[in-house]
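Data block below; observations after.
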């Protein structure tokens, strides 16, 4: 037997996946996109940044998530088709391609370092798509010249086909439908569970939107509550946030040293970023989690004590501890805490950080849908009227109202007693 | 609320895990070991090497596996205790510590590159344990001076406590009990399933061995068959092997260039290995998957065409294709295939590789137990007699007899037609 | 090998269970209770009455639920013990025995026909326990003379040990912890899921109560939301209620005929009930689902057209259809609907039924805890203060406020158009 | 909202199922068949007879299994269709209908009492299909006059469309594909697991047969091993067999009394059977598990001591114990055991039973395929040659060779010591 090292025969391609069992690929364009260097690169970027330091199983890559997002789009379109509400082939293909590419622009450690690399990941994604030098651009343009910019428009939410956009990125989108379950599975938590098969049965396209049938009310409630729980248990978990804080402090220290003319070593193209240079598309694409890890290994023996200490904390998982802000807390207390940290020999600029995790689990817009940049609300459609979800669901209304701003102070364990004391002193 | 960034209160520590739900840690020594830099380093080494290129979900680290192995040891000991056959505390602790540390010595990409780094992973593990400079050595020696060498002895299977050794590494050991299910879960295959709870109920210590009660015959058959299936579906999967072949060719080419005085760049301490230098314990510990990944990124733009090509194949997942050897195949056919590959401009030394995957699923020793390096067979114990497993189980006997040597030839897709033609020509 | 047909050796007994894997029994008293005819009888009573007509998988018996409830009590006590908060042996045993026996008094079709058999199932349970003729009474009294009445007191919530009572039957009790997951599993729905292992870790006894640790807030939210979903999807499902309505109409018609001197045949001891006689403990114990099923088979060929029709509807699953009451509905519309049903030749007394499903998912008592018959609220305990659950959880507050009274009208499909028309006429 | 009490809108019907999530029904004929009294009756017959006395969760009905079998046929046909190998609509419909109806003819307690009711369940199924009085016959004949006899022919394996027959009932048929996983799930064992999705991908129709692609070898091995394990753990479990033995003894005693003119009471139509009358189709259809249960309740207070004792053993789960036959056992020992049982006051005709559980897990026919009544072997098809499965799979060959005849002797616990003594005496 001679075999394709790709392990697949012609026609249908399948990939094993712990969430869906199989991911099915029938369209050769999708298969070609999966095999571009730009998409393969996502295998080298962790989906949840440094969350694996809190949840040891959470080591999966962006690649597995984008494959899963594609698969959810595919199943959604199939479900629409079964009810004679399928999208025209070109729209369906655009939705599947955009689902597969929606996170194309993520850089090392995903959201944890997103702002470090300049533009947002959506903007990086659009740049990569529109850069004629990338294999991905070629593959898309060979299929249809306008496809790269069309996909970019979906990523930037400016494509005129709002239904396609909302399938990829809306209140009930393929992105969230994949990551909630995927992150829950790998992290070993069971809060992010809801029934995808049932969701596929209770949604339908209606004009620009994906809407919910009345029989699906509780199914969609379960999904919105899964979001609520996953934010509480994983995405805003105080230890996950601690790892992000420490990681950002290391990067910040390294760049400050470089700005002062004492740049620590870093592997290319990370050295370019460190030196303050702007990353072009090729440099950005050449960068992944491993460059940061190799830099950290080097920095742990740096002459700069702060850099060395922070890098070692990150590698050896000696994260910062944290405190919530006590009620009635005022800025003078923070000042005193900074002083106390400094008194212990720690530079408060690096060793005392406020972290603000602000999330609204189900953000609906009272004032109408035109809110710039905002997602549309979710609607229940009974065949004649659209009703906004939170107005018919008490639990959804409850979590919609809660704006879970969680502000915490992070600092080394060594100074925990003095910081906590200062925070609680009036 | 002020919180331990470790996310745990005093007393029992728990870690979430997708396989067991929770990993429980009660012994402060175990917790201290988990938190050493040497064990944390295992987070940066993939459990299945480059298998994630075949099974996208198989991205988990050695760290998750060693935690799991520890947890299986803990549950085994608990099960023995429930039946009044518990081990004395010091033996139990040694078993748990050795379970946690059994893969300490793995290097970048685990088994896929194991022989590249010199000694076996067990020997590296022993070196790290016995090196007074490591935090791990200190933590163990502080607990008991002989502990580092005792653990090393268990890893090297020369410890006099053979029961402890066989709990960690035997025919029915915590290592396999963990990895079969873990690898199956992450890869999204379902062949590696068996019921751990039931296995815990049907095994017992008997002298030097862990033996099986008669009621557990089918349970243990299911476990041995899970081994059989996982070898076929994952460990010997031809595409997984292809990725290993390509990865080894890249490393081999880089080292050959270095030997010729044209060493390509590599991040420290990988450059030392490249230069032919011996890695000491500190260098080895500073090395992980990310160094190889960063080197590959650099090498893909190397002036050496072979190095650049192989690195790009690895990063972009353009793996080698393969062919089984036809029956009646002889060496002249291989010679002709080499010639054909060369005629297409590929150096056969790098672009035509024989891969031999030899596994025996259940290797019992007819001639006695003394076989050097071999594992003991599995015994069923009915209260009076020990009976070797395969003699009472037809399916086990069947897979024990099968020596699944799979020899395949790997080569680039570009030369597939000519290679296959030559192989099949007489 | 000679074997116990009970399939168990001495010492620990285990029973397979789809929810927990295994149910473990260590106390010979528990094993003796399981093997009494009174507990074995629960194998012949369906847990969810006629819900299997809606959810084909929901065919499990009370027996599997009471075993599961026992197992949850056992695990709760074990969890308390691990944290040095275990109950004294006698209290623990009382809790386990009461958990196993809490549903002892259920009759055919459980809640669907509960009021048909006279006293509540708790009162029947107490009667059976205190009746010296039952094997169960003997087994308990042989262990300790006061045990039968102690268990009865727990069932009737009048036992002075309020902690034990609340473990068996409270806001976070073993009963609900078992049935939510069990019913969800068998019915094939996935709304009733929550993590039992985690709940075991976040609760603790505190005086008279089981309270929740602050780290367990979201875990317990997930459990309360599982209750909310299971009520909506299963327990108040309109088709499940339809089957209950039809079943009660059959029983009602049969008894009316008997009262009129034309009792249809029924197997003993159902004939005694039909004749208006009071059931004593031995008769009640001799009665199970099969008597009702055999009677239905006989009644489907009855001379009485109403009885024959209703019995056939039940056996062949031709259930009633239903309508919600339109807003602004008044009693005159119901009168008109009755007339319309009668005009079609159906006796409205049997063929037009209002069903009121009233459930409050999390009922807390604003006015204090002393409310007769009511459950206590759930409290979060941070080591110094008790805080009522809904006051710290927006979603719980939301579902606590909702009193899901669902009033529906049930009628044969044949009259659906006319009934719906009358309901919607002003 | 007015609702169909069937809970379904027009068009696609779905039923929840714990094994598949959903069972999908698109063909109105299938829906009409499901709703016939003859199929609804299967809700009142337990799939595994009295196995629930051993595995408390194993309480599911034939109805859930036949729905599941239909669903597997539907998925198989869909899979064939995806690869352009779909069956013509009439053949596909025949396969789905026959899948749904393949167990139509089972009577009370399924296989445990099968021979008690006269013809085999396949023959009863054919009788019901061909009896013009049944609703099912009408529904099928209304669709196509020959359909009732066509389905009957498939059940009796005499239909000329051998592919359709083998989809319903062959070595890799929908029947087994459903029951292995279903029985495993409900019983709470995990030996019957294999991956249905993957099996659907590796089989294809080829002429008269369903054959296996070479890539599916291990998948099908896993399925055949699941059969092996389920026979060992459930179907031939000694305690399951004990319950069947006791149940058959009760029925046998009752009939013997009736033959002697002292028929105990039984509900119609069981009384007709008891009196030796032949059951016609209407009587057989009016009979289900509940009639046997009601009879047992009555018989437990019979004047006949043997009948009363056996009925009580069955109801209260005081089953027989068992012994394997020792090697070298001869008939004289059995004679001595009978004498010993009689000496203890038990009639050996009812209280000493040999049970022979003979099963061959994968029966292939060395001498050719023509063997009367036998199933065809399984073939692997590589595009040019058919290879019999066991010739390419060592584990399958191993279990094919094993003819697991298990002969055991059953008797009351009271006489266990004397029986075992006699058996082991030479």
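By letter and in written order, the chains are A, B, C and D; residue numbering begins at 1 in each of them.
In the analysis below, a residue touches a chain if its C-beta (ideal position, glycine included) is under 8 Å from a C-beta of that chain, and two chains touch if they have at least 3 such contacts.
Bear in mind that the values here come from a model prediction, so they are computed numbers and not experimental data.
Asks: Using the touch definition from the top, list the chains contacting both chain C and chain D.
Replies: Looking at chain D and chain C together, the chains touching each of them are A, B.
Asks: Could you label the chain A-chain D interface same or different, taking same to mean over half of its residue numbers are used by both chains?
Replies: same
Asks: Would you identify the chain whose Cα-based centre sits farthest away from the centre of chain D?
Replies: Chain centre farthest from chain D's centre: A.
Asks: How many angstrom between the C-alpha centroids of chain D and chain A?
Replies: Taking the average C-alpha coordinate of chain A and of chain D, the gap between them is 51 Å.
Asks: Using Cα averages as centroids, what's the distance between chain A and chain B in whole Å?
Replies: Result: the chain centres lie 31 Å from each other.
Asks: When the centre of a chain is set as the mean of its C-alpha atoms, what distance in Å lies between chain A and chain C?
Replies: 44
Asks: Listing for chain D: what residues touch at least two other chains?
Replies: Expected reply: 1, 21, 195.
Asks: Any idea which chain D residues touch chain A in the complex?
Replies: These residues of chain D touch chain A: 1, 12, 14, 21-22, 82, 195, 197, 201, 214.
Asks: Which positions of chain D touch chain B when the two form their complex?
Replies: 190-191, 193-195, 218, 221-222, 225, 228-229, 232-233, 394-395, 397-399, 401-402
Asks: Applying the document's contact rule, which stretches of chain C touch chain D when the two form their complex?
Replies: Going through chain C, the ones touching chain D are 1-7, 15-19, 21, 35-37, 40-41, 43-44, 52-57, 59-61, 63-64, 67, 185-189, 237-239, 242, 267-268, 286, 288-291, 293-294, 297-298, 312, 315-324, 410, 413, 416, 420.
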